[in-house]
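Please go over the structures that come below.
The two complexes that follow have chain A in common; it is paired with chain B in the first and with chain C in the second.
Take a look at the complex of A and B:
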C-alpha cells in the first residue's frame, strides 16, 4: 500500500496542454476519484501516473519514490480499462496469471493466487473460459482480478463502469467498494459520473480544462463546492452571478444582489474575500407555493414571484422550470405538488441553502471543450 | 456467412464467370492431363502425372518450386513484419505515405520489375559493384539466372501482400492491450512476443497463404530472372506447352501444381483452425 503524490504535472500534445499543473495526493489505502467532463485531462493524468505517456513537467511519487524514470512495467500498478482490455486469445486463468508469470512467480503459487483473485471478484468456475464467452460485467471482474493479483501498489481505474448498463453499473459500484475495502489498495478512479464519484470515494478531485478545479471529501464537496464550476459539475442546478453588498442584511446574513436581475438575496454565510460571487442553490432546497397560498416564509426575504414555464416528472418528484422576473434566468426547483404550465407560483430560497461560490468559470463550462 | 435478403441475382454474373473460367479449365486440365498415352489406354491414365515426379527435371522443378516458395514466404514474413509494425505505429500522415510506397510496386508490371532486377543484379549491376566496393567479394557473383534471382524477384513482387495482410490486423489491435500487458510487468519485448504476435496470427496466416500460393504459381518473374537452367514447375509447364507442344505433359504439371496448392491450403486451414481456436 502506497500513497500517490502528483505534483505540478503537465502534459502537452503538440500545442495543446492536455494537463497543466495538476497536483493532488491520494493517501495510502484511500479511494480517490478524478471527476470531470470528457477532455478535462482526467484520463491523461491517470496515464501519466501509469507511465503510458511521459509527462512534460512535474513529478509523480508513489510511496514517496519518484517514478517518472520508471517504465510502466516496473511501476507495479494495476490498471483497469474502460474497455476491459482482456487478452482475447487467453483464458480467464491465463489473463489473470499474466502478471504473475511476468514476475516469475512459482507455478503452484500462481495457481493459488489466481484462484484467490478470481474468487475475490466472484467469478469461480469461469477460469477456463475465453473473454468473448463472458458478459461485460464478468469481463470487468476479470480485468479487476488481473490488476489486483499482482498486489499492486496502486490500482488505477479508467472509467471502468462506463461500458456497463445501469443496473450492472450500480451492482459493480458496490463490488468495487467491497473489493477496495477488502484489499485496502490505494485506488485512483477516473469518472465523469458525479454519483459514482460521490458514492465510491474518500476524496474527489474535480478537473476542468486540464487543471484541478477542486479537491475534497465527497460530503464537503457536495455541501460546499469550491467554485461555481465544481458546483455545476456536482449538479447544483441554479447558479447566478452576483455581488455581495456592504454590511449585514439581517442578523448573520449577507445581502447579495443578483447580476442582471432585481433580486437581492439574503445568504446565511461568512463574508467571502471577493465581492464578486456566484450564488448556487440545488433545486430540492427551493420551496414552491401556488400564488396566494403563501405561508410565513413566502412573505419574507428570498421569496420571489414566478411563472411555471416547463416541468418534468422524475418519479419521486416533479422538476419545474420557473421564470422569475427578478432573476436573470429560469430557476430549477423540485416540488411534490402539481403545477401546470403558466401557473403563478411563489418560490423561496432559504438563506442557509444558498452557497456563495468562487466564479472561476461560468456556469455551463463543463461543455466548454470537446 | 448468411446471404439474408441479399438478392442472389446480383452475385450471379460473377459466380457464372467463375464457373465458366475456373471450373471449366480445371475440368479440361484433368481431361488432358490424365489422357492415356498409348492408343489402347483408358482414361484416367496417371502415367504423365507420375512422370513429372519420375523425371529428373520434373523432380528438380518440383523441389525448387516448393523450396523457393517457402523461402520467399519466410523472407516476406520476417522482413515484412517489422515494416508493417512500423507503419502501424506511425501517425496518420506518415502511414498514408508509407502505405503508398508499399502499394506502389503493384502499379508496375512484373515484367518491367524483372528487367529492373536483371540490371541491378547483373555482373556489372549495382549489387555486385557494391559488394565488390565493400570488399565482401572479389569478382562478380551470379545473382540472376539462378534461384537467388527468382527469390529476390518474387520477394519483391509478393512483399506487399504480406505487409497489407499484417497491417489489417495490426491496426485493429487495441493499444490498451499493450498498456495492460505493460502495467502487468511485461517489457516491450515480452509484449511483442506474448501479445502482438498472437494477435497478428490471423494476418500472418492470411499473408503466408497469399504469398505462398502466388510464389508457387508465379511465372513471369521466375521465367525472366531464373533463366533456362533453373526451371520451376510453371516455367517447365510453359516449355512443354510452347516449345515442345506436348500439351499432355504440360497439363500433367498443371495437375501437380493444383495438387500442391490444395495440399498447402489444407495444411494451412488445419493449422489456422487449431491455432485460432481461441480467437472466436
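Take a look at the complex of A and C:
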C-alpha cells in the first residue's frame, strides 16, 4: 500500500488551466474522493496521477517516490474508467489476465489470480463470456477485477458508478466499499455525486474551477463545510450572503443581517474572522408551521413569515419552496406536514443549525441560488 | 404519407435494379458469352462455341508479363497505402493540430481530382526528376497516392468507434504505447484495414487512366495492355482476358465475403 501526495499540480490546455495548484494527500489504504461539478478538474487530476497526461507544474509522489517521469505502464496503478473500457474482443478471463500477461506472470499463477480477482469482485462464473454479453453491473465488476488483479499500489476510479441505474448504483457502492476494505488498496475516486463521496470516503477533496475548494473527512465536511461553495456542493440548499453585526445578539449568539433582506438571524457560533459571510442551512433543519399556529419557536427571533410557492414530494417528506419577504430569495424547507401552494406559513431557522461560511463562492455556486 | 414514401421507394429500387441489369450485368454477360465464340472476330451472339481464345490468352506472352506487373504493382502499392492509411487515420483520429483540415484535404484529394489529371501530373513530375523510364516505380507511387484515400477512410471510420480509454486502460495495466496499439487498437481496426486494402487492390489492379500515363515500355499493366489490344486487334483474346479478370475479381469478393464478411465495406 502506498500513499499518494499531489503537490501543487497544474495542467494547462492551450491557454486554459484545467487544474491549477492542486494539492492533497491520500494516506496509504485510504479512500479519497475528488468531488466537484463537471469541468472542475477532478478527472484531469486523476489522469495526471495515472500518467495519461503530463503535468505542467508540481509533483505527484506515490509511496514517497516521484512518478512524473514514469509512463503509465510503469506506475503500477489500477484504473477503472467511467465507460469500463473493457477490451471488446477479449473474454472476461482475457480482460482480467491482460495486466498479468504484460507482467509475464506464469500461466498457472495467472489462472489462479484471475479466479481470485473474479471471486473478490463477486462475479459469477462468466470467465468465457465477452463484455457485450454482460450487464452494466457485471462489466463494472470485470473492470474492477482487471484493475485489482495486478495488485496495484493505487486504485483510480473515474466516476465508475455514473453509468449504472439507481438501484445498481447503491448496490455497487456497498460492493466498492467492501472490496476496498478487503484489499486495503489506496483508492482515489472521482465523482460529482456528493452522496457517493460521503458514503464511500475517508477523505473528500472538493474541487472547483481547477482548484481544491476544501478537503476533510466526510463528517467534518458535512457538519462544517469550509466555504459556501463546498456547502453548496454538499447539498446545503439555503445560502444567503450576510454581514455579522457587532456584539452578541443574545447569550452565545451573533446577530447576522441578511444581504438584500430585512431578516436579522441569530446564529449560535463562534465569531468568524471576517464580517462578510454566507449563511447556510439545510432544508431538513428548518421547521415549518401553518400561519397562526403558535409555538415556542414560532415566535422566536429566527421565525419568519412566508408563503408556499412550490413543493415536491420525495417519499419520506415534502420539500417546500417558501417565499419569505424578509429573505432575498426563496427558502427550501423539508416538512412532514402537507401544505398547499399559496398557504401562509411560518418558518423557523434554529440558531444552532445555521452555519457561517466563507464567501469564496465563485460564479457557479452563487448563481445556483437566487 | 408514409405509404407514399414506401411506394415511391419501392419504385425507385425497381428502376435501380433495371439500370443495374441493363448497364452492368448485361455488358458483362455479353463479354463473357462472346469470349467463348468460335469465330475470329467479336460478335454477339456467337455463331458457335469454343475455348480457343482462352487458350490463346494463356499462350500470349503479353498477358502473362503484364498480369504479373499488375499483381506486383497492386500488392506493393496496397501494402504502402495500408501503412500510410493507418498512420494518417491515427493522426486524424487522435490529434487536433494546426493545419489538420488542410492535411485531411491533401490526403483525400486524389478522390476528387480526375484520374487523367493525376496521371498527367505524375508523368510531368517523373520527367522532371528523370525517373520516366522507371515504369514500375512510377506506377507504384501513382497507385499508392490514389489508393491511400480509400485505406485512410476505411481505417479512420473503424477507429472512430473505439475510445481512447481502451488504450489508456491497456497502458495502466502495463502495456507500452506500442503494445497497447498492437494488442488493443489493431484488432479493432482489422475490418477497416481489410476493407481498405480490398478497395485499394481492386482499384490498382483495374486502373487504366493513371497507368496509361505512367506505363513505360517494359512496365505495362494488364488493363493498359488490354486496352491497346482492343484498340488495334479485332480478335476475341481481350474478351477472354476481360472475362478472366471479372471472374478473378468476383472470386476475390467471394473470398472476402466468406472470411470477414462484406460488412467491412459498410461505413460505421
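The rule is simple: the second predicted complex is superposed on the first by the 361 of 370 C-alpha atoms of A that agree within 3 Å, B and C clash if a C-alpha of one lies under 4 Å from a C-alpha of the other, contacts with A are read in each partner's own complex, and residues count from 1 in each chain.
One rule holds in what follows: a contact is a pair of C-beta atoms (placed from the backbone, for glycine too) under 8 Å apart; a residue touches a chain by one contact, two chains touch by 3 or more.
This structure is a prediction, so every number in the text was calculated from the model and none was measured.
In this overlay on chain A, chain B clashes with chain C. In the superposition on chain A, A:77 makes contact with both chain B and chain C.
Using the contact criterion defined above for the overlaid structures, shared-chain residue A:52 touches chain B and also reaches chain C. Contacts of A:103 after superposition: both chain B and chain C are touched. Residue contacts after overlaying the shared chain place A:4 against neither chain B nor chain C. In the superposed model, A:130 lies in contact with chain B only, and not with chain C. Looking at chain A, you'll find residues 50-52, 71-73, 75-79, 81, 83, 85-89, 98-99, 102-103, 146-147, 150, 156 touch chain B in one structure and chain C in the other. If you check the complex, the residues on chain A that touch chain B are 50-52, 71-79, 81, 83, 85-91, 98-99, 102-103, 130, 132, 146-147, 150, 156.
The residues of chain C lying in touch with chain A in their complex are 163, 165-166, 168-177, 179-180, 183-184, 187-188.
Partner chain A is touched in their complex by these residues of chain B: 174, 176-177, 179-187, 190, 194-195, 198-199, 201, 278-280. Listing the residues of chain A that touch chain C in their complex gives 50-52, 71-73, 75-79, 81-83, 85-89, 98-99, 102-103, 146-147, 150, 156.
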